[in-house]
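The following pair of complexes shares a single chain, chain A, combined with chain B in the former and chain C in the latter.
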Partner chain A sequence: MFVYGLINSAVLALMALGFNLTFGISGIANFAYGAIYVVAGFITWAFINHLNLPYAVSAILTIIIIGIFGALVYKFIIKRIRGLVISEVIATFGISIILLELLRFIGLIGFKYSLPVFIDGSVEILGVYVDIQRLFIIGLGILVIISLYVFTHHTKTGLAFRGIAQEEHTSLSLGINPDRIASLSMGMGSALGAFAAIVILPLGTITVDSGYDVLINALSVCIVGGLGSTFGVIIASFIIGYTQTITAMYLAPHWTMIVSLFAILVILVIKPSGLLGHQKELEERV
Partner chain B sequence: MKNRENYRKERIDRCIKARSDDIYALSSYKEMWYLIFPRVVPIIGIAILAYFLPLYWKKVVITTCIFAMLAVSWDFLSSCGLLSLGQALFFGIGSYTAGCLNHYFHFPIYLTIPIATICGGFISTILLLPVIRLRGIYFAMVTLILPLMLARGIEATHVFGGNEGITGLSPFPNVWVELTFIIAGMWAALFALRRFISSDYGLIFVSIRDNDRATMASGINIYAFKAQALFIGSSICAFCGAFMTHLYMFTGIPVFTMEFSILPIAASAIGGIGTLAGPLLGAFILVPLSEILREFGSLRVVFYGLVLVVCVVALPEGIFHYLSRKYNEMERWVRLE
Partner chain C sequence: MLKVDKLMVFYENALAINELSIHINEGEIVGIIGSNSAGKTTLMNTISGLLLDTKLKEQRKGGERITIFGSVSFIGNDITNTWADERVKMGIVLSRERHPVFVESDVKENLKIASYLSPKNKFKEMLSFVYDLFPALVPLRKRKAGFLSGGEQQMLAIGMSLMVKPKLLLLDEPLLGLAPTIQVKLIESIVKIRKETNVTILICEQFARPVLPIIDRGYVLENGMLALEGTGNELFNNPEIKAAYFGV
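Coming up: the complex of A and B.
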């Protein structure tokens, strides 16, 4: 149980990081995130099975394509309605619907739509057999978190990211172009979503409906941990990951989603900025 | 269009608009007609359409009216600063209330619908009371999550019929009653809310949306007003839910589906947010259109999404604002000085 809880937490953290990056930097709640996750899975699948590209190449290509797609969405759609919360939510949600239902219409349903694992096999840890793929998830999750930390604290672009997150107008006066940085953050957030998809999806099949579940999971982790706080995401994914695993073991699997929804609700009522959020208190409630 | 670089567009109210705003409106048939025309024509038009269409399209009109009411209520909530992504919550609560009253207590239909309207609004308000302090996107997220959670909760605990829902509820006597009832309800909701929001009392709701802290600073208890707005908005949705329950003689988990949350927002985005009449117009465009597109299956939903994105980005003011501008104002090009 300990091991599976850890894996579940790592999965949740990977799912949430991309959403968290976009929201934390540019304040855009990217409701198309779940759709991007699923689309990334299908693109990789198509690259492998139709163009016969090697797995590593197709994975990297997918991440790049999705990253560019995210940036383009910002440039052509979000940029025009930036700051209007209702319109942002409607537009990203609309994009999400378009992508997911289009995939459903094309008819991508079935067991053949699954990605291969990196290395087949399993090892025994603490008396439990674990697939190597699941270990990869933990390792890559840690790697992504560390590299994100280094990126936002020690590179010029990363510092600019944090700049516009803190105070957009001041960073404008320091020569940072908020639109460029925001589109970058949207692109990187989407690319992280694609990365998460490629790492996580080999565990099961690619389904259209998982897009909505991913969005809810990412949202719940981000809200519980504090929107825009990377450390909060890690803690929250541990809390929710272990709670879900425990509920699935002792109650029934279909209670897990209720647990994460309930977690969001409680946090939103008590402390909307989340456990470790640094959002401005007055913006979220009066 | 030829080169208009040195020109700007000027908009002035039409003379007849200025006159009919005043007591002079009563002095001539022309002004009276000017005022009555945009209100009476849709009422009569929809009535004629509804009563003379074949049965299938009568049902479509009924569905359209339900969605129009949901959209009007969404717009009302959003003009009080409560951005809701979950009309399905209010709708579902109303539907389940009516269904349970009818199934477990055998209340007749003319009791369940009024009770469900009031109780549904009440339950929704109580549910959302703890989060009434939240603003903007945070409130929206709560309303998005609650219907999903209720649906999963019913699925997991098997209360109220569980997955199968409650079937075999009492129906309306005939299709004419259904039609008259829902059309009357729709117009009542629209005109009552329009009048309400333009009254002095309604002004407070709009001011909460525009600047809640300034409203608080004026010594107004905005939580009480937000709760009232929530009650009014959710009652209307609950009415729709109760009506739909008796229409299909069924209530179940499908009442919490996304469609009931998304379509009202889509209709408002197309029709024009903040006018109340705009969302109604939007619903009357979207629902019949989607009925025509029914044969395309899930491509229909793609189409919704597309309309949403395009309208939000390219036509942010909405159709109703555009029409009312053309009706009330004249435009002309003026040379820049």
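Coming up: the complex of A and C.
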């Protein structure tokens, strides 16, 4: 249970990081995130099975394509309604429904739509057998978190990201263009979503419905952790991840989706800014 | 160097700036003196281009209608419709009113973010220049900017604008909300900035007494209109200014 809870937490963290990156920097709640996740899975599948590209190449190509797609969505759609939160949500949710239902309409359903695992096999850890793929999820999750930290603290673009996240007009008066940064953050958030899809999807088949599940999971992790806080996302994914695993073990697996929704409710009642809603923390201390 | 010609700015139907024409020559320190709601900040935002951004955002929201007439030109180029970040690249850098720094980042990181446009190898040099100018910031390097006092935040905000290597530095009410002793220190630093970098400076301020002695020329704004202009000395000795701003 300990090991599976850990894996589940890593899965959640990976799913949520992309959503969190976009929201934390530009304040855009990217509701197309779940759709992007599923589309990334299908694109990789198509690259492997129709164009016969090697796995690694298709994965990298998919991440790049999805990243560019995210940036273009910002440039042509979100930019016009920037700053109007409700319109942003409606627009991205509209994109999400279009993409997902289009995929369903084409009829991409079935067991043949699945991605191969990176390395087949399993190892024994603490008395349970674990697929190597699941270990990859944990490892890559940690890697993504570390590289995000390095990116936002030590590169110019990353520092500009944090500037825009804190004070848009001050950044603008220092020559940082908010639209450029926002489209970059949207692109990177989407690319992270694609990355998560490629790492996580080999555990099962690619289904259209998982798009909505991913969105709800990512949303609940971000809300519980405090929107925009990376450390909050990590803690929240542990809390929700373990609760889901325990629920699946002692109640029944189909109760797990309720956990994330229930978590949103509870946190909004107790502490609306989330566990580590960092913008508020400073105001409370001063 | 900078020329503002017959500028008029409306918020809805309210006139914030009325047919204002000013000019700044290279190397000068020019002061704009005016009380609250005289249009100082609007003027600064127009020169730096931030007003265009606000205008666009209000337009999207269907909020306040902002209208700008007249023209602004910088070193011979018309920049009336140039976006703010392009103006920064041309060398116009604004240090905003009420020193809004990046409160979640520490002091050094603030300066790092500010050096977005300048080359990486110049960073150390600029950093030591800012620390020389404001030695008070050195022991606070690792402190979150949100925990600094108002004066320290103001020094940081000016330091951040300097990291971009401006040609024209706009200071919007740098003395607002500061203790008189710190005001004096800041004024000394502003003089030092001009001496060491040869940057042209435009200061907006309502505290006329500390500012007037250091400026080369000054304009007095009243309700968005130009009320008086002259050299710093002329304004300092003007009886009306004395009555209105010094309380003599």
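The rule is short, and it goes like this: the second predicted complex is superposed on the first by the 278 of 286 C-alpha atoms of A that agree within 3 Å, B and C clash if a C-alpha of one lies under 4 Å from a C-alpha of the other, contacts with A are read in each partner's own complex, and residues count from 1 in each chain.
In the analysis below, contacts are C-beta pairs under 8 Å (C-beta built on N, C-alpha and C of every residue); 3 or more make two chains touch, one makes a residue touch a chain.
Only a predicted model underlies this, so the values are computations on that prediction, with no experimental measurement involved.
Student: Given the touch rule stated above, what does A:216 touch, chain B (first), chain C (second), both, or neither?
Tutor: A:216 sits against chain B, while chain C stays out of touch.
Student: Applying the touch criterion given at the start, work out whether A:162 contacts chain B, chain C, both or neither, answering first, second, both or neither.
Tutor: second
Student: Which partner does A:56 contact after superposing on A: first (chain B), second (chain C), both, neither?
Tutor: A:56 sits against neither chain B nor chain C.
Student: Would you check which partner chain A:176 touches, where first means chain B only, second means chain C only, and both and neither mean what they say?
Tutor: A:176 sits against chain C, while chain B stays out of touch.
Student: Considering only the touch criterion stated at the top, classify A:83 as touching first (chain B), second (chain C), both, or neither.
Tutor: Only chain C is touched by A:83; chain B is not.
Student: Report, in rising order, the residues of chain A that make contact with chain B in one complex and with chain C in the other.
Tutor: Touching chain B in the first complex and chain C in the second, residues 80-81, 282, 286 of chain A appear in both lists.
Student: Taking the complex as given, what residues does chain C use to touch chain A?
Tutor: That would be residues 48, 50, 53, 57, 60-61, 83-85, 88-89, 93-96, 100-105, 109, 112-117, 120, 144, 146-147, 160-161, 163-164 of chain C.
Student: What residues of chain A sit close enough to touch chain B in their complex?
Tutor: That would be residues 29, 77, 80-81, 85-87, 89-91, 93-98, 101-102, 104-105, 216, 219, 223, 252, 254-255, 257-258, 261-262, 264-265, 268-269, 272, 282-286 of chain A.
Student: Tell me, which parts of chain A touch chain C in their complex?
Tutor: Residue positions touching the partner: 80-84, 153, 156, 159-160, 162-163, 166-167, 169-178, 278-279, 282, 286.
Student: Using the touch definition from the top, list the residues of chain B that touch chain A in their complex.
Tutor: Residue list for chain B touching chain A: 78, 83, 85, 130-131, 133-138, 140-142, 145-146, 148-149, 152-153, 155-156, 212-213, 216, 222, 262, 265, 269, 273, 296-299, 301-302, 304-309, 312-313, 316.
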